[in-house]
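Have a look at these structures, which come just after this line.
Next come two complexes built around subunit A: one with subunit B, the other with subunit C.
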Partner chain A sequence: MRAWRGPFGVTMRQCLREASLPAVLATVAAALCHWLDDPTLAEDTNSAAAATPWLTLPLFVAAVGCCYVAARTWPTFSRRRGGADTVRRVVRGPLGGRGAVALGATAAQLVICLPIALALSAWVGVPPIAKRHHRAACDGSKILDRAGASLRFDLSSPVHADAIQLRPRASLPMGPRSTRVEVTSEGSPLTTEPVEVEASLELIRLKIAARELTELTLTQVDGDIPLIFQPGSVVIVGTDESPRWGNAALLALFSCGTSILALTLGALLGLGAGWPTVASSIGVAQFIQWISGVGPIDEAILALARGQWLL
Partner chain B sequence: MATAISAKQLTVTFPGRGRRPALQALQPLDLDVKRGQVLGVLGPNGSGKTTLLRVLAGLQPPTSGEVHVLGEAPTARALTSRVAYQSEGPLPLTTLSAPEYLAFMGAEIGLANEVCDQRAAGLLARLELEHARRRRISTFSTGMSKRLALAAALLAEPDVLLLDEPTAGLDPFGSATVMELLRERADAGAAILMASHQLLEVEESCEEVLVLHNGTVHKRGPLQDLLAKDEHALIASGLDDDALAELRDQAEARGASGVRIERPRDHLFALFRKLGRDRSDEERQT
Partner chain C sequence: MPYLRATITLAMFSGAASMLPQPAERLQGFASWFARPARLPFAWQGLNAAYQGGDAGEAFARGQQILDLAPSWTIGHAAFAYRYVLTQDTRGSAAEQAEQAQRRLIVAMAWLEGARQHAGDREAELLHSAAFLAPIACRQFPGLEARLPAGGAPAISDRYFAEAERLFPGPVTREQRLFHVPTLAGALLSAGQRRQAVDLLKAAIATASEARDQKLAREWRDRVDEVVRALSGEAAPLEAVFDDRRFEPLWPHLR
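Entry: the complex of A and B
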């Protein structure tokens, strides 16, 4: 139990003491705001969670809180801090304890975020079952712009699927007709009717009879709207079902990655900068990852809300 | 006695930056401290006391010269538990309680948890911090923080103690306790280097002093030699005024000059210590 007395344990305890309450308050605020917003989608009420922004707030508050407490508690995280000599003398090693501090902070963040993610995901209406989503890749041209043109999408391994999601980007239309696309696999059609695409980035969900897929071919039947299939615009939905709580736990785990990145940045800056610079850089690093949509956490929250298995 | 600390031609220069010129914090300095010795390091602010202690603690690399602490380079990992350093600045991790802080220090210097807890309890009691065990360090007074810093330094029962202003901000009772603990450690064979502005405490605790000035050794030697006067004192009690006058006449008749009769008095510090002892006795009886 030496780790519990050292930088890891000290930081974890301190983060739990100081960052829990703000995170809980943010959770209450987020739950309240979601209840007041009451977002619903006309076509599929199960995906209402995908329209709520309130899953992000408490997890963001917990991440920022843990990072801030860790960097402030540990005097070697920035220059010219009182008590740094004492710590530097006893905590030897190339990182001076910063690695253990970062781990302690992320461990505390996980402990705080886990119940929040579980409770809030249920509250905002995340689908109770999560399914694995596989991106299909297409080599060469990714544009369907004339009748008879086709694109082949391959999967890295066979997938037992019961649904397909298409989300192509539409280019400037060359005529009044919407484009119709036939979806086939190994020569056999997967839908009874061709799929009609009318708008750019429109999410089209196709239910198919459960079967194993290794490739997918999209063929333009007719229409005047050229369609661009960027990476991620063709997704195969597997039949494996996982519980929501597992997905929420994965989100809590992934959210810790943002803190590791922010604390690493803070520690590097702290080699030459004082506490205000380090604190601001940690805050900005977290803000960029959580709020501005850069990095995988934004996508992970959306995936959880849509019922996509995160692994 | 074996040498605990040795430095030869030690210099430290802080490089200049921009318009700020380079600063030679320590000029070539030789030092030799034996086990069991308490060496007081004196000097005005900026004379190089803290820099010397930081070099010996392995926190400041010397610019030139040789330094050995317990036969090893000051940065050697093996010295982490054998050499304790109490810095002049504030304590780190001030959101912890005193026992938590000592547990952290003990774990980092490799003490077994049981040993650490046992020693920590003893030191907290001895340094009168028992009543504050549940309080955060950030709520401690300066004196309490100093006492806790000393407890942390003594936790590993080190062979070398490097102390920067260990009694600054302490009340006389606290100072007396600290000095007692240091004396016990020295008696157990530890070498102690103590930088201080508390001259009376240095005089009472150190056999030898090193006076630094602008990074150079201004004076070094046993206190007895440095403070000795070319005079002798006769201490007597039970003499009346006539007998004293007769003694003075006899001394003058034998060629003594400037003979004076004074009534010696104790230091205020000694009075405080006596009051402290009386108070402890009373508490023990009740």
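Entry: the complex of A and C
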């Protein structure tokens, strides 16, 4: 009850009051834009992956709205605000209530974003089942450049998998032949034939008999195209299935991280700057995370849309 | 309260707009034009994301979104269609890959058909791009040719060449279709349609004189005439035909 009357509760109520309607309007606009923009000849999975801007828009509006409302509501968030002296006398602690304000804003954002993420992910056709993608790591050289060369990729823990995804980068070819790679695990081949790679960053999906994998070995059989396996170019797809609603809920939770960062930056700047500077910094911090793709939220939205489990 | 009034106002205007004739198309057209400057940079960013971490289907879906904003960009339509058809993400047996390639080919060709309404003067290049898509796909996916209707990829190509010639009659479109005849005739012979192949070759003899290079036209007519006589059971010298790689699709049927 004390928390509800303090900076946390005040901020949360204010954010819900003021940021909900813009977020709902943005959701309606996103749904309408997706209906207008939906690629008609794409399958559901690819259509959802192409709809990431419409998944982003309402969550971004909610994040920005909650941050602005929180920073504007609490007087000590920026300099020369009315009521700041009263708040400093009443609220104890080195942060002056800013921590609670940030928590209140992110709690409100979670309440707003959770139903939006659940509804929009169903609307745009996000796959109903998400699978966990495990990145395999390779120590040492990551290049296959001659027949007989092999690379070993290890997993941090055993994975029960039924598919593998490869996406190597190709260097300049030394001859006319595409490179063929044999995929094995613990000495036994996982595919009936070697995999042929021609183009750089070409996605190669391999279906394998479901089995437990702890490591993967790629051996070049022949070919003239050197292949470079950068981090993330070998992915093992687990057989565990998770529901879409769980993935969407995780996305709503992760989206709160953007506000924590933006409000932290705003609070730091607010120690010596006024409201316009703090507002600008919050806006820019959110923009570069959500729109420019700096940080994990952009990848998280793509992963949701592609049916990849976010954890 | 102000928000409520604004929301109701917007809803009523939207309802009124929805009662206009052809509302969906007009709304889509206006929205596309209006959103283009803001939407295009992010659409390209999304396309790059698809190239880096998505599959060919996602890249194709993103490409469709870009081309919805720039519908008259015919080369873009062709480029995205080719990339989609010729990229095989999911590996499997040759039959599985051929089946998936067939599905992608059908989808891409339907998309190129839809792009024709916005192509204007550039419709000929769109049709030529569509004409070459099926043969190139068949070369990349060996089992695909067997899954196509009678006549295979050459018949599909000829349909597009014929359409280009009908819409844009001229020496270029005529000659393109004319010099495609051996490929189409070979496909018809492989499908057991001997009479149609012979008729096609006879028509090619009649139109060979329309080629701009008369020396080439005479030589071409002579070769085609030799092929027609051989297929009709008459004695004909075929050495020149077997030396000319343009008639390679007909060689198996002349030996």
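Throughout what follows, the second predicted complex is superposed on the first by the 299 of 311 C-alpha atoms of A that agree within 3 Å, B and C clash if a C-alpha of one lies under 4 Å from a C-alpha of the other, contacts with A are read in each partner's own complex, and residues count from 1 in each chain.
Just so we're on the same page, a contact is a pair of C-beta atoms (placed from the backbone, for glycine too) under 8 Å apart; a residue touches a chain by one contact, two chains touch by 3 or more.
What you see is a predicted model; the values in this text were computed from it and never measured.
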Contacts of A:D85 with subunit B and subunit C, given as first, second, both or neither: first
First (subunit B), second (subunit C), both or neither touched by A:P39: second
Which of subunit B and subunit C A:R5 touches, first, second, both or neither: first
Touched partner set for A:Q14, first subunit B, second subunit C, both or neither: first
Partner chain(s) touched by A:L201 [first = subunit B, second = subunit C, both, neither]: second
Which superposed partner A:G293 touches (first subunit B, second subunit C, both, neither): second
Dominant toucher of subunit A (residue count), subunit B or subunit C: C
First (subunit B), second (subunit C), both or neither touched by A:R306: second
First, second, both or neither for A:T73, with subunit B first and subunit C second: first
Partner subunit C, residues of subunit A touching it in the complex: 21, 25, 33, 36-37, 39-43, 45-47, 49-50, 52-53, 191-192, 195, 201-207, 291, 293, 302, 306
Contacting residues of subunit C [partner subunit A, same complex]: 3, 7, 27-28, 31-32, 35, 39, 42, 45-46, 49-58, 60-62, 64-65, 68, 87, 89-93, 107, 110-111
Of subunit A, residues touching subunit B in the complex: 1-2, 5-6, 10, 14, 17-18, 73, 75, 81-92
Complex interface listing, subunit B residues touching subunit A: 54, 57-59, 77, 80, 85-87, 89-96, 100, 103-109, 113, 149, 152
